[in-house]
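Have a look at the structure below, then the notes.
Per-chain numbering from 1; labels A, B, C and D assigned in written order.
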Amino acid sequence: MTGQRASLIAIVVILGGLVGVSALNSSSPGDFGITLLSGLFQGMLLFLVASGLSIVFGLMDVLNLAQGSYFMVGAYVAYDAQHAGGLIDLTAVIPDPNLRFIIAVIAAVLAGALLGYLLERGLLRPLYSRPIFQLVLTFGVSLVALELVKFIWTTTPYSWTELFGVRESFFELFGQRFSTYRLFVVGMGGVLIVTIALLLQRSRIGIIIRAGVEDREMVQALGINVRAVFTLVFTLGCAIAAFGGAIAAPFLGASTTLGNAFLLQSIAVVVLGGMGSYSGTAVGSVLVGLAIAVAQDVAIGTDFAALPSITPMLLLVLVLLLRPSGLFGNSR
Amino acid sequence: MTPILEVRDIHTFIGQFHILEGVSVSVASGGITVLLGRNGAGKTTTLRSIMGLTPPTRGSIQFEGNPIQGKSTHAIAQMGIGYVPEHRAIFKGLTVRENLILAERKTGDYARKADFIFELFPDLKRLIELPGGNLSGGQQQMLAVARALVPDNRLLLIDEPSEGLAPVIIEQLIAAIQRLADQVSVLLVEQNFRVASKLAQSYVIIEEGHSRVNGAMNELVGDQSLIQRYLGVA
Amino acid sequence: MKTMQAPNQPTWRHWLRGNAFLFILLIGLILFPFIVGALTDSSPFGVPRGDRMIMRGESVRWQSVLIEVYILAILAMSYNLLFGFTGVISFGHALFFGVAGYVLGLMLEFTAIETGWALLLGALAGIAICGVLGLVVGLVTLRLKGVYFAIFTLAVAEMAFIFFGRWQLTRAEDGFAITELPLWLDPSQNRLNFYYVTLIAVVITFLFIRRLVNSPTGAVFKAIRENEDRAQSMGFNTLNYKLLSLTIAGMLAGAAGLLQVILNKKVGPELLGVSYTVDPLLMTIIGGIGTFSGPIIGAGGLHFLDVFLRDAELNLGGLVIDIANIWALLLGIIFILTVIVFPFGIIGTWQRWRARRKPPA
Amino acid sequence: MTDALLSARNLRKTFGGLVAVDEVSLDINSGSLHSIIGPNGAGKTTFFNLLTGRYRPSAGSVLYKGREITRLPVHQRAHLGIGRSFQITNLFPNLTVLENTRLAAQALGKDNFRLFRRAETFDVYTRQAYAALEMTGLREVVGLPANVLPHGGKRKLELAMILAADPELLLLDEPTAGMASEQVPELMQIIERIRTDGRKTIVMVEHNMNVVMGSSDRITVMHQGRVLAEGDPRQIAADKTVQAVYLGELYDLPKGESA
């Protein structure tokens, strides 16, 4: 009980601190709003990588260091599908850019799911008895993924040029222009957070996942094929990460640094929230996203250009000093 | 009558421990058979070997005439075997209802069996929305048995149901197991001889990884020398 | 309690016989520049032009290849001390490699200290700072269980990478060149001297680690790797030993970073890049985790493969692929295959095979 | 009794609401082999862990040579001369038999941080290790990795590791667990030799009744967290309540049956 209270206090303090710094730093409510929206936007993208990382770790004890690569691959596939040239050129088949974007996102999700399935079935399964090697293996896979991406799409970063409806629309508030697309992504992330939470709480597969986190062997003895559930969960986690990459691409473009950047920040989110805790991951994503946005604001025009990039790690160290097993972690 | 479960001369290793060195057990269809023996004799491992949790390296296991050794645990369970492990491995973070739903093999199993289960264990109905971890030891044991009753199992493997429970609760549990034995066959591991003698029609004694003696329970109850030799002190 | 005589300590002759292969190898490596020189009719010292030397010719070229192998071998051996002998997995080894390099570079280029002293001070400070860094990182994170520690080190190293990549003083992503080096050590003037310096460093590191691992302290390192709980319940404060291992490994990796900076005469954020974590990890796994010579074999093998294949081309039914372009990809695939099918590495598998031929009594 | 080497006074341990050990008092005499038995869930393992220091008691005290050690952690008890074994074989699998044993000797030494005095410091430990390996019959296999030993060999190595630290009191947790029955007598001979030649005091939790009855000086029977009976093997074998406990508390002994 006291532990929960300490977590709540920590969350309130961090949020208060971030909002305070941001309020001091912004000149108008509009400025403040932009920072907030940008923070939530980044938080949702982080959540899309971190949720898979967290659930897979809780259920299977596998820390998938290739999770960031799925985000990166998602971004590349979506970019490729949306734009002329590249591997899949859909511009002639689907001239409508809005529809093409939807197709691009679906393609990215399918690619993520397929690659996730292959990784779990082909490479991870033989290693369930050797956890350290699983870690080393997913690390190796992330390197191979990076090199494959470089090989297919070269190292030059792509920035999004093909326009579509939502991407271009803005709305005005407090005299500031806000991107509708960002709001759309935040909304999408929120919907996903709730959907996954409901799935975990209410659905049969959710019950199996929660039971599997407690006692895998007993789940099997009830006649449930745990291995198949592992594959499904792992595949879903990768698909969600690829989805994140795809919807981030219109803003961030596609580059080879995406994978590592998002992996590290998501790991910070997962550890900070408490390994294996879903609510911890959701809260942690928002906190880290906001912290990055505030740091970006603060860093403008100063010498601390690296501040936003190292903010997640700083926040992580802070939280771990307060709560060694993360905000929602149980110290098992 | 053909036995529902026929275990023949199984050998099981855990790591390098040779735990079972030849265990044979036969469970009559519609009856309760109990595995007796001192601590560490290999009773629990026998149940786990049947479930495929510690697969035997030698010997054969047939369930309703079909070989099941070498199959994966979930496949064995799906053939119609329910497992109630020792220390009541219920899911503490799941509610009683979720624990029961989890055991469904077909959608609707739980709805179909709910009345029967709550008749056997009226307590559970009252506790249905509580997390399993909040239940008392006896209630957890009842949930563990109830969970094995949700799908249409034809054989239950029950490991030490009376361990650590108060006498009153044990009596309730005995009554419940006697009642459900009308519908399923049971292979029971039980340290408490009184409980075993009340429930089972036949017994198998396991000693140091070997099945030594078997027969009808009422014969064993009268045979003091046999009890002393395998179960008593000295 | 009754005491019994332990078996005799090995005599010098035993020692020599046990290490005969290593001795022959060492003599071969000492003579190597001259042998290559004689075979290819090139001078191990390079070609003089005026009062300067031009580093040209086969002997000099091969010296560079071996110097790189030596540096990677030191890095891999230090990684192996931590991972292979103590059982602590770190994904942030590049941190030490790069930080020591930066310290030396800053000392040489950004202070007014006279070159010789700057080199000495920079080297000492670089190694000392790595030691402190290992101690601090360890104190904060070694209490965490394996996976947490690994990702924490990855995060710290990545933070350093980002930091130095954006630090204007050290010219951010571009890094800066080392212009002041004592003539005797300058690899663009006296490559042969530098060759011997790195060779000596490898030999010292090898002997140091072997002695350490065979000492009572090393016995505890191995005990932690095998079964930390048991070591703890025996009365060993395992945290202290892990800290010691991390600190020493950090300092050795720092030493390798110093040599790298001198060889390339350049300091940049790539020294902190993930490849200086991956390379030693890979070399250790391929050579043999927890063996003395495995990391050296791994470093040599992979680097030679790299050098030989760099100019090769792969012809896949009309599609010509430069190996150089996909070298990293190949490495990654080798990595994955090794983890799955060859988890004990070259030396480790060989030792196991030899042990199996002697059945237990 | 006044010459007790180890005493438990009113020890109590509760987990949540469950009373695992309830007011247990016990004296272990110097030089004796004292066994603790009882059916599953009797609390003997918990009691054992209170003696070794793995658990802290909820109430009561543990005295060693008259000195209070109730709250001393495991490794400090080791320094006082109390060694313990583990029920599940718990070794350093890839280290040799000698290395395993030597680590145990070294653990209580003072110079673990002498990085470079390999030969000199190791000599003392090596000698201690060899002595322990001699006593447990492992002298011939010192160079083998622990994980290639058969299970019985591992149990012996476990004993050698305790011996190497030269304790006065050995706490053994089910030393014959998992052993093939034909290997048990040899192990018991070793334990007997340790007690007589090595002049050790041994406390043992064990479920193999033949072992307990054949080798103990004294037996304590636990049931539901309490001491049910204490005495020498003959007294225990004849005890009616002990019989009943082993066959189930509700078991009604048939009438007309008498000892």
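Going forward, a contact is a pair of C-beta atoms (placed from the backbone, for glycine too) under 8 Å apart; a residue touches a chain by one contact, two chains touch by 3 or more.
Small disclaimer: the values here were computed from a predicted structure and weren't measured.
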Dominant chain pairing [most C-beta pairs in contact]: C-D
Centroid spacing, where centroids are CA-atom means, of chain B and chain D in whole angstrom: 32
Separation of chain C from chain D, taking each centre as the mean of its C-alpha atoms, in whole Å: 46
Distance from chain C to chain A - Cα centre to Cα centre, in angstrom: 35
Length of the line joining the C-alpha centres of chain A and chain B, rounded to whole Å: 45
Junction residues of chain D, two or more chains touched: none
Touching two or more other chains - residues of chain B: none
Touch-based graph of the chains, sorted into line, ring, star, complete or other: ring
Every chain pair meeting the contact rule: A-B, A-C, B-D, C-D
List of chain D residues in touch with chain C within their complex: 74-75, 78-79, 86, 90-95, 99, 102-104, 106-109, 111-119, 121-123, 125-128, 130-132, 134, 140-141, 144-145, 148-149, 165-166, 198
Sites on chain D touched by chain B in the complex: 18, 39-41, 150-151, 154, 174, 177-178, 180-181, 207-209, 213, 233, 236-237, 239, 242-243, 246-252, 254, 257
Chain C-facing residues of chain A, complex: 63, 65, 123, 126-127, 130-133, 135-137, 139-141, 143-144, 147-148, 150-151, 260, 264, 267-268, 271, 275, 303, 305-306, 309-310, 313, 316-317, 324
List of chain B residues in touch with chain D within their complex: 16-19, 21, 38-40, 160, 163-164, 167, 170, 191-197, 208, 222, 224, 227, 231-234
Chain B residues touching chain A - in the complex, by the definition given at the top: 51, 53, 72-75, 77-78, 83, 85, 89, 91-94, 98, 101-105, 147, 151
